[in-house]
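Two complexes follow with chain A in common, the first pairing it with chain B and the second with chain C.
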Partner chain A sequence: MISRKKWLFALLFYVFCTFIVVLWMIPFLVAIFTAFKTIDEIFMLRNFWAPPRTWTFENFKVAWKEGKMGRYFINTLWVTSISVSGTLFLSSLAAFALSWYDFKMKKPILMMFVAGMLIPFQMLLIPVYKFSVMTGLYDTLTGVILFHIAFQLGFCTFFLRNFMITIPSSLFDAARIDGAGAFTIYAKIIMPLMKPAMAALAILEFTWIWNDYLWSLILLQSDVKKTVTIGLTAFQGQWISSWNIIAAGSLLVASVPVVVFLVFQRYFIRGLTFGGIKG
Partner chain B sequence: MAQVVLENVTKIYDNKVVAVKNANLVVEDKEFVVLLGPSGCGKTTTLRMIAGLEEVTEGKIYIDGKVVNDVEPKDRDIAMVFQNYALYPHMTVYENMAFGLKLRKFPKDEIDRRVREAARILGIEDLLDRKPRQLSGGQRQRVAVGRAIVRNPKVFLFDEPLSNLDAKLRVQMRSELKKLHHRLQATIIYVTHDQVEAMTMADKIVIMKDGEIQQIGTPYEVYNNPANVFVAGFIGSPAMNFVNARIVRGEGGLWVQTSGFKVKVPKEFEDKLANYIDKEVIFGIRPHDIYDKLFAIAPTPENTVFGIVDVVEPLGSETILHVKVGDETIVAVVNPKTQAKEDQKIDLVFDMTRMHVFDKETEKAII
Partner chain C sequence: MKKITPYLFLIGPLAMYIVWVLFPIFHTVIVSFTRWDGMTKMRFVGLQNYVQLFRDRYFLLSFINNLKWMVGFVLLSIPLGLLFALLMDQRFPGHRVYKTLVYLPMALSFVVIGQIWSWILEPTGGVVNTFLRWIGLSNFAKSWLSDPKVVTYSLIWAALWRQIPYAMVLFLAGLQNVNRDRVEAAMVDGANALQRFWYVVLPELRPAMVVAVTVNVIDSLRAFDIVYVMTRGGPFYSSSVMANYMYIQAFHNYRMGYGAAISVIQFLVTLIFILIYVLNVMKKEEREV
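== the complex of A and B ==
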């Protein structure tokens, strides 16, 4: 009778999981439906949840053209790629120093990186705004990039350092004896071994920065500099919002991190599950 | 190739732990020196100081006559083989071996020549395109040695290179390393906790304990003339028997008197024991210097001890007996044809010409 009990358990498990998945997918599904509806269908027929009665691709065109999405995409791509590579480069260097070298204040510095992760961003909105105005970084993409790098550095350094300390120290010693300087060891020995971790982190960071709304909202003003997430809000009116166009725009925006994730998911899973290297 | 000299070398870590205390050592050109001791005795720290991976707190290290205390590891002209091999996992065997030469800007064809030559010596020519994870333990070990020999350094440093291998492979690699030493005519400093490795490979053994060098000598010397109780007990298997004893004057000369037996000191040792008459000492004798009376060459009442057999361990080539003599248990390695049975009486004959006596206070050897 054990098999029957097991079978029942499996059934319950799948029912529960299906329920969770459905619950999780509902907003996404509704967004997809909405993106293909006309505004009339939403407001006149009050059709919020069901699939569209007439499918239309018009919303995507409007979102792209009227919403100046082309410009925003370029801005976002620029901000995201520079921020991600900058963050990864700086945090991997910091993690390298923190895991392989002994120096004064090593522990406090590491703690600072960790502590930095714990500060809620909302608390920093006003100081960051004032600081950016003072330094002339306000309303520049450079400003957005610098703040992204600064805020992501804590987590990335912590994450990479935890990977690096799993690499046997004899590799480091062997490289020193072989004649490698600090940067050669970083570039030729440690970085190749960190590939899975770096790839995983790159995907995470890409998604976070691409989807960022808060910093762009705080730091950018002129239309030509806006990122996609800010651009979407243009369709949100005071009395009426074009939900179908917002949904279409959102799908366009979200498609990029989804594609990035699908392409690199192999590394992503390896990076999160492997503890460095084995023998 | 070169001479390595340690002059009053001390290493104290930040947490005040003294890892190496006032070490003095001369490793001659082309010599194979083994640093031997239990874990935590400071042997690896000593090796890492020679490599330049650890800073020296006090004292000086010379390589080839030059003080190298402040010289970077890469400029010391040394090569090191690590316990876990430390091969670069993302590089092929060839790249692993070539890495050091590339960094030193050797011309490509010279690198290729040296890597192939080393691979030929070590018999790993067909493995050059593989990654370390595709190799067995023994093969990785060879690559690690290969990475050292392509550099043709002044000094080779080995840090427990065989301890991750299985027993059979260890024996094989042991003789290969020895052959390699003859072939390369290199100065080698080798760290191990395995006394068999030390005895079989070394020209000179340095025995360490708690950061201090206990004795420096050839395998023959450290086995036959151990400087103190620690060395006597550490070298040799089974370990030397130690019994608390008193030197007494008796019939025909000096005797060793213990709680369970009394044996006569050979004439040639009497002078050395003159100051210890009626004093407490530690008497030592190796299991291999004790015979079953039935197979002994010269048994006399003066060197024969009576006991009860506790445990018999036949090994085929020899038999190990644990014998209760008074309150002490004496271990003897005897002829395998011995008739000894557990709980039965036995007469053991000590080869007193090979006895050892240690000062009770200092534990230093008197004989």
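== the complex of A and C ==
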């Protein structure tokens, strides 16, 4: 009897968990169905539940070519890769100083980085916009990249430092006694040990910066410089209710971070749980 | 020589941080005391913007909507995130795939989330209304995004699709630290599942709970993308939040001073929770030293 009760319980448990997962997948299903429909089906049926009667790949082609998603992809890849490398490099320098040295401003500087990562973006919009216009960085990808590098320093420094302080200080001291300079210790001894932490951080930062909307909205203007998220909102104006093309565009925008997430899920989750913060 | 070494490492990152983050914070505070269109000369007006804010019904509406976001996030994403975490922590066969699928919305941009949810909430063929009609509850079918009475809740609902998995991640990490021996000991002592959860597991989840609540509150106070993409704060500001109202005032209406004042209020409210978070970090720091 007991085993039967247990069996029933396990079944109920599975049904409930499956229900949750299915519920969570509905929005994806809706997006996929819509993206593969022809425009006739969109207008005739007006039912987002219905799978396409004839599956068409045409919408993706239109989004990529006429919607200029291809162009936006290149811009976003450029912004994202340079921003991630830049912020990882600079924050590893800062984290190194904040882990291995004792100096008066150490704690205030660290806390400043931690507090800065939580600030509402609206607090920075006006000055960053004005500064970009003044320096000629407005409407350039470089302007967006520099902002991302600077702002992400808060989280990245905090993150990397917490990993660095777990490295035994004997390693650091031994190298110093051998006469190694500070930069040599950073580059040859500490950084090789930081590879897993850097990987987790790179994955997180990649998805955050790829998905950024507000800063591209504020700092970019011309069509050729748009990033994917801004490009996608422009679809709404161009194809108003051609939802199939907008859906195809959405899936294209989502594809890159989703693939990165699926491949590097462990890193992503480890990064997220560490600080409990997202951008 | 040794004394300046850490500063040599810090000079690059600090310089960038000062230019793009620290200085702007102070600058925004100064701008909030002025009347400024962003181009002509700033004019100092003292507290006038702030006085005006508290008479501006659209600002007050945005503020109240932010409170709704806060309550929605804390009351829904915390318990549901915890529930999901407890379920997925059972390590049943296939739990990895289940987890991955629930996590997936976290990889998406709010622009994509907003777009997808506008189809779910679409009045004629949208997923929600079609479902309601199908089960015979057509009275409950609504224009989810254009009815001022429900629009904010619709937006919160869409945001929760990404927020709940996030809370779940935090609780799953917290559950790893729960002492399994104590749970088993309680089981031997005859405590049922609910008692074990309430008296043994939940107290040990306290640190995860503090982080999850603080982060959810901070996220609720800085909601912007999803509101701006789905409704622009409309209709008639009924779904506006502070972040979105600030953007409209500063960048559509060129009222930089007024916009800055809105962001200062938003910042001050958030600051309470930022401080809780930072103090928490500092306590951890002290324990490690």
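As a convention for this text, the second predicted complex is superposed on the first by the 242 of 279 C-alpha atoms of A that agree within 3 Å, B and C clash if a C-alpha of one lies under 4 Å from a C-alpha of the other, contacts with A are read in each partner's own complex, and residues count from 1 in each chain.
By our rule, a residue touches a chain if its C-beta (ideal position, glycine included) is under 8 Å from a C-beta of that chain, and two chains touch if they have at least 3 such contacts.
On a predicted model such as this, the values are computed, not experimentally measured, just so you know.
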Record, for the superposition on chain A, whether partners chain B and chain C clash or fit.
fit
Is A:T184 touching the first partner chain B, the second partner chain C, both, or neither of them?
first
Let me test your reading of the model: by the given contact rule, A:L193 touches which partner, first (chain B), second (chain C), both or neither?
first
Now for A:F57: first (chain B), second (chain C), both, or neither, which partner does it touch?
neither
Is A:D173 in contact with chain B, with chain C, with both, or with neither (first, second, both, neither)?
first
Partner, of chain C and chain B, that touches more residues belonging to chain A
C
Check the superposed model and tell me the shortest C-alpha distance between chain B and chain C, rounded to whole Å.
9
Go through chain A and flag every residue that touches chain B in one model and chain C in the other.
277-278
Listed in rising order, the residues of chain A that touch chain B in the complex are 168, 170-171, 173-180, 184, 188-189, 192-193, 277-279
Quick check: in the complex, which residue numbers of chain C touch chain A?
3, 5-10, 12-14, 16-17, 19-25, 27-28, 31, 38, 84, 87-88, 90, 92, 98, 100-113, 115-117, 119-120, 122, 124-127, 130-131, 161, 165-166, 169-170, 172-173, 211-212, 215, 218-219, 221-222, 224-225, 229, 242-243, 246-247, 250-251, 256, 259-260, 262-264, 266-267, 270, 273-274, 277-278, 281-282, 288
In the complex, chain B residues that touch chain A
48, 51-53, 72-74, 78-80, 82-84, 86, 88-90, 99-100, 103-104, 132-133, 140, 147, 151
Applying the document's contact rule, which stretches of chain A touch chain C when the two form their complex?
10, 13-14, 16-18, 20-21, 24-28, 30-31, 34, 45-49, 90-91, 93-94, 96-98, 100-101, 103, 106, 109, 111-116, 118-131, 146-147, 149-151, 153-154, 157-158, 165, 182, 186, 207, 210-214, 218, 228-229, 232-233, 236, 243, 246-247, 250, 253-254, 257-258, 260-262, 265, 268-269, 272-273, 276-278
